[in-house]
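There are structures below to look over.
One chain, subunit A, appears in both complexes that follow, with subunit B as partner in the first and subunit C in the second.
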Partner chain A sequence: MKKEINFAIYAIKKNIQSSAELRTSFWMNVFGMMINNISFVILWVFLIQTVGSIGGWSEADIFGLQGFVALVFGIVYSIGSGLREMPQLISGGRFDQFLISPKNLLTRIATSSFGASAVGDVFFGIICIVIYLFMISATLSQIGMTFLLIIIALITFTGVTIAIQSINFFFTDPEAVTRSVFELFFTPSLFHGGAFQGTTRFVFTFLVPSLLIGTLPVEAITQTSFPKMLLLLVLSIFWFMLSLWFFKKAVRKYESANFMTFGS
Partner chain B sequence: MKPKIIEVKNLSKTFSFSVKKHGSSFFRNLVSPEIKTVSAVDDISFEVEEGERIAFIGPNGAGKSTTIKMLTGILFPTKGKISVLGFDPTTDRKALAYKIGTVFGQRSQLFPNLPITDSFEFFGVMYDLSKKEIASRTAELIEQFDLASFKDQPVRKLSLGQRMRAEIAVSLIHKPRIIFLDEPTIGLDVVAKKSLRELLIKINKEEKTTIFLTSHDVGDIESLCDRTIIINHGTVVRDMPTDELSKSFVHEKYLDITLEAKPKNFPELPQGIKYVQKDSNKITLAVDQRVLGVSDALQKILPYFSVSDIDVYNVDLETVIREMYEATSISK
Partner chain C sequence: MIKDRIQYPARLIVDTFGIATRCGVLLILYYYIFSTRGGVINGLTFQITAWSMFLYFAFMTLRLRDLATSIMQDIKSGTVEVLLSKPINYLSYRMWWQLGAGLYPFFVAVVLGTIALVVAVGIPASMSSWFFVGTLSIVFILGIILSLLVYAVVGLLAFWIEDIKPLYWIVDKAVMILGGSYLPVALFPKVMYQIAIWSPFGASQFVTHTVYDTWRTGYAEMIGIQVFWIVILGIIVSYMFGRAHKKVSVNGG
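Coming up: the complex of A and B.
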């Protein structure tokens, strides 16, 4: 286990080093993504100022939501960018190189590349969460909950991403399918949390786990709700275990390919 | 007798895919397509001893890469048993990975933006080598593979020949007992090919590394491998020492005859002799030695032509292999 963790950290460092070799592209990716996200949050805040509170959500909650989703997305898709590249790795046959590695398959795939643009999401997410905590005048227990809920949301997002990317093994041309399924999961997570009530809240919590990575963590912090945090913990473990089981089954479907490729 | 390090018994692999049903509507094809199954590897068995240099060859689509991928744990067999160094690749994939090296000619496992020394370090860490071990092994391989002059250049700036040498060197960082090479000389010039073959023979001799290679290049097979397994349509069609390959299966001798003057016509030849090539000043004949010997053939054809020079030679390995591919394709 220690060797696996050491190797994962080493691989991440090496990927950052490799990515940073192309400095201009690296910094353009980082700042480009931050500007993109800022425009998005401005839109939501302007909406709330115009139409007022929806479902009890304030401007602060919007900052919290955008912060959580951007941070979780940014962490997973920067240091674990290999997960995002699974459709190309599988359809082009480059997945072979991970199967001949002596390390844990998922760790090896996730840490096989670094997503520079997602670093912009990480910076943006941290800034938004700090603004959120400042705006709600967060207590110490709310700050503690924020740290724990970031970890819980990370586990959920990683699990759901693995499960979605595992679909790639079942199709010949998987990219469009996985992109659609990912959008189905991810896009609602960025929407105004107050808009999800009744049936839609149930569907996007238990069937499509979009609300688990932003909306529900923000509500748990704002309301200082420990039962809500516990529910999120249970669901994150469920999604993670389910994704590992599904991935293991899916890998057996891998058929490789012989396309000419270059690059690690 | 050397220990057997690869044992393959009744190995098969099938692939399934959907095909369009002729005459069916788009919607029907979308909802319930016809599923077709193809057999990529069909009930093959063979064994490899430690230290052997094996050429595993066959025409495109014969099942070579599929077999290598099953031996290395990339693909799961549909049927049959594999043991590589005592490990079952389907269940002991990670443990096996510590003992084998793999090089796929059409894919790179190096960091494109970093120098090759970074890739040595990366793979060293991946195989749990200590910093000291990585440093000494890297120095050894850089010297062995003559990489010093370009070791600090980013991989993307290297020539194909330099990159392939680096690929093989990196795959040896953990001193694997077997190295699987899938078309390692693809796209290389003659000089780079020769250098790569010499290096592979060197590591086979010095480090006792078993070499299991697929290639379409006859030069790789002839100069590198002591045993050749030919596979076609997923089945093993020949398994024998490489130097016996041309002797055993082709019964023809070739005669290059340089003519003093252009013949008026090309006469019909006696039974057992046929034209391979007809030029105004040179003809090439094939003599079937099952029908008549070379000296008999010469006696029979000399009256027909005004000859200035004769060259008698065996068929080359490429022709032997091509004839075997064609023969097994026809028999199927």
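Coming up: the complex of A and C.
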């Protein structure tokens, strides 16, 4: 386990150094992504200003929501950007080189590339969460909950991402399928959390876990709800274990592309 | 390109499913919001909101925004040199290619979406006239031209800037916000509404305005704004393309 962590840290460090070589491009990607992310904050704040509070949500909660989603997305897709490239690895037959690696397969895939633009998501997420905590005049216990819930949301997001990317092994043209399934999961997580009530809340909590990475963590913090936090912890462990099991099953479906090349 | 798209029905089904779920979830959420506010917000009903958002998402299935990335890839890969040496206008070729790639998914999305919306929410009075059909067609065509020009400007910047992706994201999100994607323009605060009307980003998505009751009084102004931006951006694109053309040296051999 320690060896795997050391390898992951080494790979991430090398990837960051490689990305930072093109300094202008790196920082343009970071700042571009930060500006890009403001869009959903603007949209939902406008909606609240026009319509008023929906489901008890205020402007502060919108900042919290966008902060959580951007931060977990940014962390996973910056240091674990290789997960996103799985469709190309599989359809292009480049997955073979990961299978023969003596390292842990998932760690090796995830850390095989670095997403510079996702660093912008990380910065944006941190700024939004700080604004959110400031706007709700957070207590010490709420600040503590925020840190714990970020970790819980990270586990959930990583788990769901692995599960979605594992679908790649079942299709011959997997890119479009994976993209659509990921959008089905991710896009609702950016929507105004207060508008999810009744059936939609149930569906996007237990069937499609979109609300687990932003909406529910924010509500748990705002309401200082420990039962909600416990529920999130249980669901995150469930999704993570399920995704590992599914990934193992899915990899067995892989058939080398057998391209008539000698690697490149 | 249309024939090419027809050859891959699985991809079309998946793409249509993606857009349908995104638009569908959003409409369910707005249905809840409207029901908590007595069915009318800012003089806007859920029925009008649903059609306005549908028009935005249907327009998006044309994937005109991919023009910017296509141009960038041509420049990065060097394909642009080959295409420039051919007896065709490179920009026209790329624009028609983009349009061809999007027409079939657009047609499928419009047919399926229209049936679903007619059954679910019905047709608003503002849509049941020849005036609506006529003006929608004009605004739709002008919207396509304007969108292509907006994204052509972004794409052509790749001749000078190493990585246009950040700029592309910003322009794309400006179109998304000001076009009335996730929040109908009629629900915008006053200042933002004016920006949406007068900017080329909002003007490229005027199809979403055609279902509003105010459309009958404001259509001529909006068509005028679209034409204005098409002329301005047309001049900019042709100037940029001329400069870019001189920058490229095509090697024989």
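One rule holds in what follows: the second predicted complex is superposed on the first by the 257 of 264 C-alpha atoms of A that agree within 3 Å, B and C clash if a C-alpha of one lies under 4 Å from a C-alpha of the other, contacts with A are read in each partner's own complex, and residues count from 1 in each chain.
Keep in mind that, in the parts below, a residue touches a chain if its C-beta (ideal position, glycine included) is under 8 Å from a C-beta of that chain, and two chains touch if they have at least 3 such contacts.
As the structure is a prediction and not an experimental result, all values here were calculated from the model.
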### Query
For A:A11, is the partner it touches subunit B (first), subunit C (second), both, or none of the two (neither)?
first
### Task
Figure out whether A:L99 sits in contact with subunit B (first) or subunit C (second), or with both, or with neither.
first
### Message
According to the stated criteria, A:R252 is in contact with first (subunit B), second (subunit C), both, or neither; which is it?
### Response
first
### Message
For A:Y132 in the superposed arrangement: first (subunit B), second (subunit C), both or neither?
### Response
neither
### Message
After the superposition on A, what does A:F68 contact: first (subunit B), second (subunit C), both or neither?
### Response
neither
### Message
On the A-aligned overlay, A:M28 touches which partner chain: subunit B = first, subunit C = second, or both, or neither?
### Response
second
### Message
Does any part of subunit A touch subunit B in one structure and subunit C in the other, and if so which residues?
### Response
22
## Note on the structure
The residues of subunit C that touch subunit A in their complex are 8, 10-11, 14-15, 17-18, 21-22, 25-26, 28-30, 32-33, 36-37, 41-42, 162-163, 165-167, 169-170, 172-173, 176-177, 182-183, 187-189, 192
### Task
Going by the contact rule at the top, pick out the subunit A residues touching subunit C in the complex.
22, 24-25, 28-29, 31-33, 35-36, 38-40, 42-44, 46-47, 49-51, 54, 117, 173, 176-177, 179-180, 183-184, 187-188, 191-192, 195-198, 200
## Note on the structure
The residues of subunit A that touch subunit B in their complex are 3, 6-7, 10-11, 14, 17-19, 21-22, 93-94, 96-97, 99-104, 172, 252, 254-256, 258-264
### Task
Within their complex, state which residues of subunit B touch subunit A.
15, 17, 65-66, 69, 72-76, 93-95, 97-98, 100, 102, 104, 106-114, 118-119, 122, 125-128, 154
